[in-house]
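Please read the structure below before turning to the comments.
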Amino acid sequence: MINSKAASIKAELISNKKAGSYHHMVFSVGELAAHCKPGNFVAIKVGGPTSAMVLRRAFAIYRASMRSDGMGLLELVVAPHGNGSKWLAAQEAGSVIDLIAPLGTSFGIPVQPVNALLVGGGYGSAPLFALAETLKQRGCRVDMVLGASTAAKIYAPLEGKRSVNSLTITTDDGSAGTLGRVSDVLGQLIKENEIDVIYSCGPMAMLQAITEISTAHDVVHQCSVEESMACGIGVCMTCVLPVEGDDGVVRMTRTCVDGPVMDGNKVLWSSSREIPDGVWGK
Amino acid sequence: MSINFSTSIAGRFFPTPIFTASGCAGSGKELSQFFPLTSLGAIVTKSIMIKPRSGRATPRMAETPSGMLNSIGLQGPGIDLFLENDIPWLRDQGARIIVSIAGESVEDYAVLARRLRSVQGISALEVNISCPNVENRGQVFACDPATAADAISAVRRNIGGELPIIAKLSPDVTDIVSIAKSVVDAGADGLALINTLLGMVIDTNSMLPKLSQKTGGLSGPAVRPVAVRAIYQVRAALPEIPIVGMGGVTSGRDAFELVLAGANAVSIGTATFGDPLAAMSITRELEEIVEARGFNNFSDAVGYAHRMEQV
Amino acid sequence: MSINFSTSIAGRFFPTPIFTASGCAGSGKELSQFFPLTSLGAIVTKSIMIKPRSGRATPRMAETPSGMLNSIGLQGPGIDLFLENDIPWLRDQGARIIVSIAGESVEDYAVLARRLRSVQGISALEVNISCPNVENRGQVFACDPATAADAISAVRRNIGGELPIIAKLSPDVTDIVSIAKSVVDAGADGLALINTLLGMVIDTNSMLPKLSQKTGGLSGPAVRPVAVRAIYQVRAALPEIPIVGMGGVTSGRDAFELVLAGANAVSIGTATFGDPLAAMSITRELEEIVEARGFNNFSDAVGYAHRMEQV
Amino acid sequence: MINSKAASIKAELISNKKAGSYHHMVFSVGELAAHCKPGNFVAIKVGGPTSAMVLRRAFAIYRASMRSDGMGLLELVVAPHGNGSKWLAAQEAGSVIDLIAPLGTSFGIPVQPVNALLVGGGYGSAPLFALAETLKQRGCRVDMVLGASTAAKIYAPLEGKRSVNSLTITTDDGSAGTLGRVSDVLGQLIKENEIDVIYSCGPMAMLQAITEISTAHDVVHQCSVEESMACGIGVCMTCVLPVEGDDGVVRMTRTCVDGPVMDGNKVLWSSSREIPDGVWGK
């Protein structure tokens, strides 16, 4: 079911700052901020009143907080990519933005302290810092791996780095950290730090690679997936993935309401453009 | 004093003329978080088939200028689970329900009609015939007057006398009026116009079609001029048939345009994706416009753009 | 090193694959103030008929979401004045010329072909068959495989062996592939896809159709997904036929999308109204994209989105 | 033929001020300003890069001038009406606007001093003030009539008023000047001031009414017409009116290249939505 706290509001953009290849954007969202959990996302209307873009864009919540003066803040990390995200990144403080939040599922927080490994690709690191803080408060050990094609695409603000026990960086071009992909360093980190659970967010191919490793090492894997979404609220059925349910049946499952955070080990990853065999209703 | 904003389709009463479009509101659960479903004229449910259906592989959508493509492929739980879960829930909400059905053969439509004929609390049946007919080289029912009529007659023969049948037509035809006449002759009590247009987007990075199944249905404001034309043509040819209009409506102004062309009710599809509350704001705006233009009854505005020809 | 950006349509050579679309560049005079016509692959002239023609009354246009409707009604000076004034002027400019013709009867097409067969300096004939056939209850030639073929055969029989014939098809049909095959069988050397879609806008203030003749042709980015689909389908069915693609192209990316679908050349229509220099920027951007994607020859990119099916 | 000086440029918006119901907007257009004549118009791209609006909007040139520092200014009077004009009126100083200018024909200026009556409806007064100045410089007597539905829709800036011998105002609701329409006061003004030529700009119904009066009084009538234009440069054929040519033949004539300024007495005004009989090619 849709996130029971979801509401549609007009939010004022409080600040918009460039950070590497990304824009760090802060919105005033009032009480809504109190309902946002790590892993939830927002759906934003882009392009203004006479825009040719008819669909909202989804963005992971980087951080949500209630200030002592009662102001609720919502922060996003936006990569200017196509028309919609470029429009958003170009908005100036003071603009009023139409957004729906919070949407989707959130990362499951363990009741007992565990050793957690957080893995982010590109802007996929966004929801991991708030998650790291929460995990730390619960007494978890938190290690983090961030990967991207190049140094400017690693999003890792200073205050974020402070909340993790270790931070490993990989880049495809070697411009920062280790040359290679996050999956190249995972196996060792899992062993070294006796990881119980992996939390990940990033491109689908990365999530699939992590799932292979997590299965091999028999660790829990909660990942935040990213399928194209038309509505973000569960009514259009565009955002589905084949996911195994508690009853053992694999269904095409909406990632906007039953995700974006899903059990990576239950997802039938596939790079083909066909419904895998065995899916309910195929 | 406020106007009479109600409408009727084949003898069924709806307090407002704004419906949801099939496939764009699921079975109402998600939208009910944003507004009470009773404030809709009716909810038209996602087309249901006999068996559970996985639909097509992703990517299933692509945004296009002022529109979008979708190729959901009629994912759904099948009629049994639908009747078990969705209909009772909708009835509990007090919503007016129009059930959309889809089949791959004439027999499918007959079976679905039989399953639905004695279900309580349904206002009408919308028959989505924009589906490939597996018995006829996958040709879409709605693309030929004869096969379109076959599907509708199958429903007519099996539905009993109670439930009005609304046939939903595809705009991807040479002559939509001939299809409309054919399904009305076959027993449709009303028409729904228009389903999506067949389109394609190619990803210029991968240099392959963006959708897994290549083609998809084009909807949204981009297609509104096609919807208005189809509704106008069919209204002119069949002055008495109730029409549920749809295609790119995002505002009260847009809904009013379809009403003037001849729609007795207007369904909201793609606009809901941009704004979950779209149906509500459109309802409010449409009522204001109808009143501002001096109509006391909504129904007087239906087809008003034809008035010069009636002289 | 720059790529080979030329294209050929039915044996005729064009240094670049970007053309103007018929009816969207007049006979070139006005655009020549913005750029030399020689930098176009070809200029496709406004469809010309036998006699002078006033066209339809105004309003003749309405803007729509990401598109527009037009109902010019083929206003033009007639073939005599066209050959006297426009062709010599275009020849003087050194432009490559594709002449678009339109008729109301099969005989009209025959007459026009005879008038053009020995005219010097024309690269090809584009035959606009999206015209009402006065001999057949006003049904549009392009809407039926047989009447479409009749018009094209008339041109074929009268044109002689020299001039390639490009048949321009309407997307407002149930099955565009069958029309395409029919006109190719009738002697078309190439196809132009797509003409406008039939649409309507109602003015919600006057509560009457906005255009004087009610319906008009929908063009612009809104229809691009329909154009891509039509080109893709026809390219799949007729791998060897040259296709001039058009419909909503406003950028090099858009043009490339049509090329990947199967277009050997791309015509620019509505985009010119938003920007008189559109054809020039699109040419530049397309060349950059084709090169960036690693093609040495433009023609290797034509239909490249079909490559998975050819395996 | 298209105005031989027409060019497509990006112009900076220098100022945008509200004036009654209108916006007075000033653009920096460089040398182009020197080529703009009273009656010419500009075609402006509206809505920004991802706009659903594909067509330009036409605006009459209110004033064009070369400043002594070499800066060329172009001024418009914009009525926020539908999506396009509302977007334009909402632009702020500093925005860069895509415009084509100058387009179309201009008002014919008599060689000898004459008595001229300038008639404007709504924002139709825009091109008349620059015209009034030119006529004054040629020694003409210039009377002006401005009409609108209500006072706020009369555009008559102070400096503009100074350049005319008399200014008569009419409003449909009587909120300023005489209650009624411009056509109600024309006959008398023509007689009183021995008018030789009428210059007009405004809604088509007004131009038709003026033509009837000018024909009755046998005065020349140059009017600036306003038909829906898709391209503004003569290539689309949407903007036509039936106009009698020098050869006596009435043709559907493009108002964007053979207008907007036309000889009112040669236009076949018609409120029907049909091509009048006798038009070439009907």
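By written order: A, B, C and D. Residues from 1 in each chain.
By our rule, contacts are C-beta pairs under 8 Å (C-beta built on N, C-alpha and C of every residue); 3 or more make two chains touch, one makes a residue touch a chain.
Since the structure is predicted, the reported quantities are computational estimates derived from the model, not experimental observations.
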item	value
Pair with more cross-chain C-beta pairs in contact, given C-D and B-D	C-D
CA centroid of chain B to CA centroid of chain C, Å	34
Approximate Å spacing (C-alpha centroids) for the pair chain C, chain D	35
Where chain A and chain C are represented by their mean Cα positions, the distance between them in whole Å	46
Numbers and ranges of chain C residues touching at least 2 other chains	65-67, 220-221
Overlap residues in chain A, where contacts from two or more other chains coincide	52-53
Pairwise touch network: line, ring, star, complete, or other	complete
Residue ranges of chain C touching chain B (in the complex, touch as defined)	64-67, 69, 143-144, 172-175, 197-202, 204, 207-209, 214-215, 218, 220-226, 228-229, 232, 248, 253, 256-257, 260-261, 289, 293, 304-305, 307-308
Chain B partner contacts - residues on chain A that touch it in the complex	1-2, 4, 6, 8, 45, 52-56, 98, 100, 227-228, 230-241, 251-252, 257, 272-275, 279-282
Residues of chain C defined as touching chain D within the complex	23-26, 29-31, 33-34, 46, 51-63, 65-68, 70, 72, 75-76, 78, 212, 220-221, 250, 270-277
Footprint of chain D on chain B - complex, ascending	65-66, 221
Residues of chain D defined as touching chain B within the complex	52
